[in-house]
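Here come two complexes built around chain A, the first alongside chain B, the second alongside chain C.
So, the complex of A and B:
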């Protein structure tokens, strides 16, 4: 006879992308790279979700350009998610995007009990609306305060200060940290960061990973960033001689 | 995705005669990446660490060398076989400015699945095999502790099960150290860590392993968590501070016999309420001991040997409910009822050996420890197994799996010999003389 058909009750883990779709995202294939990076990350994310019996991973996405709007409004189980391409065009209503986000992080519609949400803000430029007001509205929500907030800066024109404000206080010391904006200078590093956020961070937020001494404090210890892997063309020897 | 090691290439390592051909990536985590590699004719697994691991945990190579020298405590461990440092000519092939290091181990055989699949209710497995898995897990830690070692980071994440047999594999053995050597940096996994480790008052050691083992056994046997009851319902956001309260500062076992303050909620925690009554009192008492007095007093935690003893005794009592055919494990003195359908369970036919009794149920097994007081408790070398007649499933027999013939008597007084590989019908059997001593049939 099989083991009784019961299981540990799980909690929802809301994972929400906030994607800059302003006109500048059309340049240098950035919009396509972001669409690809998210699409490519889904199988790995589904696997992590499957490995974490304590979590029900649900994905949503907000796009912001002239206005902010839901690109994927329904919280969708990652296993069923099919990513629809984002399109670029307009300015950067980042503040409005945060207001929109604040609306869904209040209870209801948020469940009474959940795992910490994971919010990923991706931008290549400067907000053109009242970012401060949007952030203030967002941070009044307890679920936003509890959330793991990550930011990815695409290219060199992204406003790192604004992204840092979204994440929270900057950690002391220098160097790369998940509590600083992650700077993606090309499609490969963007894909790595998206992959990292959708797998390692989702894992950490849903089921605690093994911990080591001196791990950074916070309500969710964040996993190490992906290593800076050398470009594969680096190991073929000199390219021209 | 870009990997640290080039797939398809052959790399040479210090002290290893043959090069390793990197066949394919098997997975990656926050610590490093795992690859299938070919070493001569053999396929093995290679774990390669991210260089940041060594910076955070400089003792890692020392521990691995020590474990490699000591050897695996039992077959349940995917143990490190060799430490790997790339030779000067192989270093440039590794796609990281600091090449890093790794170790070799056996490949995980097909058929073993992550224990989280069982915890998540996503695995078909019998109760017998769940109990066997619990036994093999406890026995693995028993052997590890007997070697003077401790594991430090037991969790669902590093246990694999074979659902058809209940065999287990314990992976990620790179935190293993001599008990009491405080060198390592790992603390454990929240939800499995002993309270004193979670709260930063002690380092992981053999007695914190005993606590984590009990949590993992509870998760396997009940598909629930020992501390998630009413108190979990009061937690809105289950983050690290909440886990510290639930598993540390305010930890209370959901079935604590003296304090009902954290009982399972009938809706949210149904799994615990369904599965806990399956198990005999002696097994429940070990959990009560570990999660009651043992919560704050490490010296009061059940030892690994107590777990193997009670888990094997529970398996010896396995009996099918005649009404719903569910597997049951009745406690002899209590009036036996099926935990699933509530039907009364008839007293079973049993076999009495010098050291224990085993219920006659197809699939149950006799072992040397049932007869020989000096034999260690093991499940992997059965002496005999109860089997149905291949054509008439109403007939139950005892199949001699030992290499020796066993003389015996039938109920009519007639003598006979049960040759190795043969089965005798229990309905006519009175006694056998096995290599582990006499076996007597006890009829209800």
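So, the complex of A and C:
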């Protein structure tokens, strides 16, 4: 008798950018740098996805300014993704963005067998709406609790406290950790963080090892930051933002 | 081997991703027969899944030791506890085996640690050996399971339907990410009780087989319906090599994780004991005896009109209602399926057209159409599931021109 003919499937890995598109992002080339960093990271991300065929890497993006909306709504295989530039203008509806995100982290539409998603929040400012309510809505979703949540602060005006709330409790002991907001002070460091998130983190999340229940390290052990950006506080390139 | 169970086997296969990364297989599995002082035999199946993370760098040893120590602990219990004492075995499954396996496993990894630790004098790190463990005991008159972690146990009935009997609730399991309970947890011993159960075979006339798997198998299937279909079909495989090749395909086309599967068929009417390997002669002898004894009965049976195939949905209902503690565990993973049915009522037609493929799905479809009559516990849990998915279960409608399928109607006294 042949082996049972049932549908087998690799596991979807949802990678979702949450991009601040407020007016301040237009200053000092931040929006250009973000578009460039994401666009440049895609080949590496596609290569990592190709090396991990058991995961199906699907990318989406939310933009938030006066309102939050999907910039890339369909979960798109990274190999097929063509990045459309984001544009800046407006205020910072970050809470609304988190609520929008919460809607797609329900099951369904989230697949039962999905890998823990990777959520990357990028902001240069402070939320102008009810961030707490948005975060509470998001964190009611089990998939949000299990997600790898990263935050990148552009410049020194970013609200590190809300970014830390998005990531989760700050790890004890101070020092360097991707479980703290990563501070990018120029286009180079931003590109390195985006590259790290879209390759090293995607690689780790694609083939996760089982974690002991209650382990403090989180659902997916995060890879180390690349040596050149080990210090999340501005030691790469000149201070621009 | 207990004559109540046939063709037990277990197989573990290196995950496709682990193979690419040069990692060892961190799963282990076991199928063995134990004999008690009274000569009665107990079949033991076990699967263990090493965590494989950088912290659990010896977990392939942890899972192998877990299976070995489970065997030793069960053998020890069998030497002191007759299989006829179901009450004692129920208690063993809930507590006694947990304590014994944890104690033995801890001792085994302590002895193993100095040989593998870079610093033999360093204190033992149990997390280095972290793994799950699922244990299935098959006795002549009952079966029982226990353990901890994200393993799954499925029953296949004689109608071909399959249902999930045990899965990790809470943080582990599907939708729970990659976290799981572990033998290395200090409180691990207390977690066994929630996975422990003992079922007398006398109450399970329709049971055909039990299939125990590590999480890599279920996570490789596109849906739970596919996983259950896999379990209902895998028991038909005739050669161990077919199982191994199939598991290799599962990990290659699925999750990439290590995969383990252990299973046994229940002897009984309609079972087809397939001789395997060294057990062939024994099984053939048993089959010959059964054939001799059954010829007269078979002749009589042949003279009767063929009975219609049992309604898979009704069998599913009966199984769930016979043990209401299983209802929630089986319905909860179907939340997404019910939501899909609510969005697309046409999907129900496909389920109702082939209820044998996914009896529980067909049961949901009948609940949607208001044609399901079930025991109160099942109705209550179905109503809860409907509420959780934002809807309300339609009331049962029984009109003269639209009666529920015959299998759903309660039998009149004396009619069966």
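Everything below uses one rule, namely that the second predicted complex is superposed on the first by the 210 of 241 C-alpha atoms of A that agree within 3 Å, B and C clash if a C-alpha of one lies under 4 Å from a C-alpha of the other, contacts with A are read in each partner's own complex, and residues count from 1 in each chain.
The definition used in the following text is that a residue touches a chain if its C-beta (ideal position, glycine included) is under 8 Å from a C-beta of that chain, and two chains touch if they have at least 3 such contacts.
Note that the structure is a prediction, hence the values are computed from the model and not measured.
Here chain B and chain C are compared by how many residues of chain A each touches, and B touches more. Touch criterion met: A:210 reaches chain B and chain C at once.
Once the two complexes are laid over each other on the shared chain, residue contacts for A:108 go to chain C alone; chain B is not touched.
Looking at the shared chain after the overlay, A:223 reaches chain B, while chain C stays out of its contact range. With both structures placed on the common chain, the touch criterion links A:133 to neither chain B nor chain C. Of the two partner chains, both chain B and chain C are touched by A:11.
Using the contact criterion defined above for the overlaid structures, shared-chain residue A:27 touches neither chain B nor chain C, since it reaches no partner.
When the two complexes are overlaid on their common chain A, residue A:195 makes contact with chain B while staying clear of chain C. Counting contacts by the rule stated earlier, residues 1, 3-9, 11, 52-53, 112-113, 115-116, 142-143, 146, 207-214, 219-221 of chain A appear in both its interface with chain B and its interface with chain C. By the touch criterion given at the top, residues 16-17, 21, 49, 51-56, 127, 130, 132, 150, 171-172, 174-182, 184-185, 215, 219-224, 226-227, 229-230, 233-234, 236-238, 242, 245-246, 249-250, 253-257, 333, 335-336, 339-340 of chain C touch chain A in their complex. Across the complex, chain A meets chain C through its residues 1, 3-11, 52-55, 107-108, 110, 112-113, 115-116, 142-143, 146, 207-215, 217, 219-221. Considering their complex, residues 1-4, 6, 29-30, 50-52, 56-57, 92-93, 95-97, 114, 116-127, 130, 153, 155, 157, 185-191, 193, 219, 223-225, 228, 233, 235-241, 243, 268-271, 274-275, 278, 320, 325-327, 340 of chain B touch chain A. Residues 1-9, 11, 50-53, 112-116, 142-143, 146, 188, 191-192, 195, 200, 207-214, 218-221, 223-224, 227-232, 234-235 of chain A touch chain B in their complex.
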